[in-house]
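One chain, chain A, links the two complexes that follow: it is found with chain B in the first and with chain C in the second.
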Partner chain A sequence: MGGRGEKKVKSIFVQRKNIVYTIIAILLILFPFMNDSRSMMILFTQVFIFAIFAMSYDLLLGFTGIVSFGHAMFFGIGAYAVGIFMKQFEPTLPYFLLAVVITILITAIVSYVVGLLTLRLKSHFYAMLTLAFASLFLVLAEKWRTLTHGNDGFTFRTPEIFRDRLDFYLICLVSMIVVFLLLNRFTNSPLGKVLQAIRENEQRTESLGYSVIQYKIIASVVSGVLAGFAGILYSVSLRFVNTSVFTMDITLDALLMTIIGGVGTLIGAIIGAGLIEFAHHWLTELAKVHWIFERWIIFFGIIYILVVMFFPRGIVGTVRNIKLKSKKRVTDKSEQQKAAG
Partner chain B sequence: MDVFFNLTLNGLATGMLIFLLAAGLTLIFGLMDVLNFAHGGLFAWGAYSGTWLYATTGSFIIGILGAVVTGLILGLITERVIIKPVYGNHVQQILITLGLMLVLSELLKVVWGPNQLSATAPDFLKGSFEVGGVIIIKYRLFIIAVGLLVFFAVQYVLKNTKIGLVVRAGVMNKEMVQALGINIKKVFMLVFMVGSGMAALSGVLLGPYSGVIHAEMGMEFAILAFIVVVIGGMGSFPGSILAAILVGLSGSFMAYYVPDLALAANMLLMAIVLIFRPQGLFGWKG
Partner chain C sequence: METLFETKDLTIAFGGHIAVDHVNISVPANQFKSIIGPNGAGKTTFFNLLSGQLSPTEGEIFFRGENITKLSSTERTRKGIGRSFQITNVFPNLTVLENVRLAVQSQAGIRYQMLSHFKKYQDLEAKALEWLEMVMLEDKQETLAINLAHGEKRKLEIAMLLALNTEVLLLDEPTAGMSLEEVPAILDVIRRIKEKGDRTILLIEHKMDMILDLSDSIMVLFNGRLLADGTPKEIMLNETVQSAYLGGIHS
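For the complex of A and B:
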């Protein structure tokens, strides 16, 4: 009985969702023309960049069920690649594109090797090994002083088109939308369905004849490359890069954003990114009122633990569940009435 | 020769500290299938509470005991509140223990401030003595002694007591143990507490060894402990001490000859083990 009704509900649901997304996207494009607060624009730019990062993380955690604790390394590779190219060579577009290509190559190779080493083992191994690899990159960035200037980092100039804040805002927004659409297509493709099958039941997927490890490696490579892209945008937005891009804090940001926003939903990662970045902005300002706000991350740590325990699908997943349930009740009722009438 | 001897001693001391951390991890993993990413946080809490108690009471022994008690209590709370609701779900476990790690290290900064604390050894462990032309620093010897003591004590309990028997049986097959009428949940709690206590002990011992303690060191040492657990084999207690000594020695020798590659050497070691023997040198779980 439920089959057709559910489909209908879903298609209405999807349509309405798409309209809402389009409206939000248009509002975000118009936002800088209506509001000329510079700090707000920079904050939004930051949200877009971290949304890309969080979506790339969600591909692993939410869609494939792989936990990585070293996602910062891909972010850092991108950030340093563009910084080093702009500093050592000229801040022109060709060199920037070269840096992008190098980032894609390195992140793809690193994620492939790490995946190959550990993805055939239990999930703990990938989490541990990525954690260790990220700390290796952090040490590398600290020690290779001639290239990275160690802990202090370095500033660099960016190509002409990235210098204007408004242009850069739009570039980041468009990048985020493109990544969202691409990942949406990717996760709904047959390949993406296999990834989700792995998340739900690995043994079963394996016994259906899929080579699970290969699919997992593909997911980890795609995710790593996208994280590297986010890193590129991040360091271009700051025109500065230091070792902080490789630290655990960056990975934790992605984790908090994805978990609190909602795993397995790309929009959740975007909402999470907005939430965390804005909270960071407001709560740091509150630090003048009381010093406890200096440690604002503690609140998010506790919220994160509670979400993992009680709402494992995050904000978006929980809201979606409630909505689907109430919709279903409505359709069930109307179909009952139809049957009765 | 002098250098060689000193580096060996140094490596052994570091190895013992890593062993104390990794032993808890490996036992908890072997028995409950939980990899505790908050272990480094317990370690840092041990370091801070112990150093603080030592500074306020003036007694190093009280400091050590206080740290161990802190570890036991935090272990109990962690197991009851955080781990218990998510037994059996690996992804949730990994995520939740990392969240706890975050909260623990931030709380540390709330209680003791964000700056690093300095720690010194008590008078009776300060200084060094000479044996046959080789200078031996007392405190390093002390760490090695404590590490070995803990190793033999735990080994004795595992091999010769009923509770040890249950733990070893539980590592092999916990359903079977439960079917035989033993409440394995109680054993889980106990092992988790002991593991946390060992981590805290490692933390407080590290203080005077490195001179300063800071909140981030929990993660730094936890990474080394993870490497040790992978090399030694997840769930293998004797494996953890051998692997810890291996990692400690390679760390101390590399730090002397090629300091930039100290961590890389250990990572390479781990990668090789993962390729050729993914269950670890002494483990049987993959």
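For the complex of A and C:
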């Protein structure tokens, strides 16, 4: 009886959550038509792109428990692939699609190889290795001047459909929603449950008869390809690419977004991306008020330390905890009443 | 009776210390065999060798006549050797139901299904609930494993092992650290499995009354060596075993 009632409550809860998500999605679609601030629209576009990137990172960090410091390499591969194709060939849609295919291929291969290495290297050793891999790509982008124009990077023209800011806004929004739905499915599939089991207790997962390494590789490849996709959108939005896409800063952004938003939750990654991008925007604007705001990264550092100390589960995790506790209190109370009555 | 499990000169050394020393046993199918011995006798190490957590420095392990010495623990589980752990070893931040469902899912061979929702697999969930009922945890299904009492975690551990439906069950001190009131429930579960008569069970335990009552045969390990192997009666009357347990035997 109790169990069934609980399930009903849960399904109502899930339904309400879905309704809230749908409303937010509709509001976001309508936003550019209600607000004609161009900079806001560009900022939101940036949020969507980084939300995709942060979700892909969360798949590793939050769901599978793999710490990677080299996630920027997949982002950079996507960014450069599209830039090079648009520059070297023609800025048309077929070439763009070709760049997407190439990005998927390269990121899949690289993430497969890197994922294979998780077999030998655990936790921080693996993190160091990914850092080294990402640096390798950074050096490659710096030195292969004929293709990448070195440190300064290059500008390029994009296909017709990406030129309008409004269209691009909608494309990014839809991409984010699709990635969210896909990953939601993925993490709730039987395979996704095994990934979470690996995060919780790798040895036990093995002794249940799952071969952990294959799951880690799958998570790594899915995450890498999605990060590459985020990179494509990023460089298209700027119409410019330089070596900064391969730097540690990009990985750190993803790390901050997932941890502040809440590890192990997809919506947390999206919220985190929004927060970081907006905070970045506002803090740099405040630079007119006081020069210290020019160094916004200092504030991020402080926020990050505070979050890790006081809200280790991030925004979504903390909210969930509070909800659970209040729910428990309610059930405890009703049980007490039952016992009393 | 057909021999299911066999070890030949099974040995493992950690540096100079020989933890398991040339142990030869053979376990017929559907037998209930207990392993006893003082602390540090190599009981758990022996289990780790059987289940593949450790690989031996010498010797071989046969399962249904097949040499499985080189197989990983994952492969051994798939072949039908499941084990429980002495130190509770569950998935702390997943619910009780999810813990068991993962085991059921593995047993059902659903490993790489990544695009359908887990709720589609109602039968998995039903089966998981069945196992939870068997160990009397059904009203805890939505609790996170980390919030369970110690005894409940042990029960969950056993439910996960049972859910794998393996032919061989390696039970490493299933009642360790449990409160006295909880022990009979676990004993009951083990007895019920035994009565079904379709599983081969190896049990490490310290509670002698429990062992004498349940076992078809008992093997005694001492300093990594197999001291004796026989029916409960033979073991009780065995003088070397007695002196080993009373202390004072030194090779």
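Just so it is clear, the second predicted complex is superposed on the first by the 319 of 341 C-alpha atoms of A that agree within 3 Å, B and C clash if a C-alpha of one lies under 4 Å from a C-alpha of the other, contacts with A are read in each partner's own complex, and residues count from 1 in each chain.
Operating definition for what follows: a residue touches a chain if its C-beta (ideal position, glycine included) is under 8 Å from a C-beta of that chain, and two chains touch if they have at least 3 such contacts.
These figures come from a predicted structure and were not determined experimentally.
Is the arrangement of chain B and chain C around the shared chain A a clash or a fit after superposition?
fit
Between chain B and chain C, whom does A:Arg163 touch in the aligned arrangement: first, second, both, or neither?
Neither: A:Arg163 stays clear of chain B and chain C.
On the A-aligned overlay, A:Leu252 touches which partner chain: chain B = first, chain C = second, or both, or neither?
Only chain B is touched by A:Leu252; chain C is not.
So, A:Ala127: does it touch chain B (first), chain C (second), both, or neither?
first
Scan A:Lys323 for contacts with chain B and chain C and give back first, second, both or neither.
Neither: A:Lys323 stays clear of chain B and chain C.
Just chain B (first), just chain C (second), both, or neither: which does A:Phe69 touch?
Only chain B; A:Phe69 stays clear of chain C.
Check the residue A:Lys17 against both partner chains and state whether it touches chain B (first), chain C (second), both, or neither.
Neither partner.
Spot which of chain B and chain C makes contact with more residues of chain A, would you?
Between chain B and chain C, B touches the greater number of residues in chain A.
What is the C-alpha-centre angle with chain A at the apex and chain B, chain C at the ends, nearest 10 degrees?
If I round to tens, I get 80 degrees.
Answer with first, second, both or neither: which of chain B and chain C does A:Arg38 touch in the superposed model?
So A:Arg38 meets neither chain B nor chain C here.
Would you give the minimum C-alpha distance from chain B to chain C, in Å, for the three-chain superposition?
12
Taking the stated contact definition, name every residue in chain A that is touched by chain B in one complex and by chain C in the other, in rising order.
Dual-contact residues (chain A): none.
Would you pull the chain A residues touching chain B in the complex into a rising list?
The touching residues are 61, 65, 67, 69, 117-118, 120-125, 127-129, 131-133, 135-136, 139, 143, 248, 252, 255, 259, 292, 295, 297-298, 301-302, 304-305, 308-309, 312.
Please name which positions on chain B make contact with chain A in the complex.
Listed in rising order, the residues of chain B that touch chain A are 29, 35, 37, 82, 85-86, 90-92, 94-96, 98-100, 102-103, 106-107, 109-110, 219-220, 223, 226-227, 229-230, 234, 260, 263-264, 267, 270-271, 274-275, 278, 286.
Tell me, which parts of chain C touch chain A in their complex?
Those in contact with chain A are residues 51, 53, 72-74, 77-78, 82-83, 85, 89-94, 98, 101-103, 105-107, 110-119, 121, 124, 139, 141-142, 160, 164.
Can you name the residues of chain A that touch chain C in the complex?
For this pair, the touching residues of chain A are 2-3, 6, 185-186, 188-194, 196-197, 200-201, 203-212, 214, 218.
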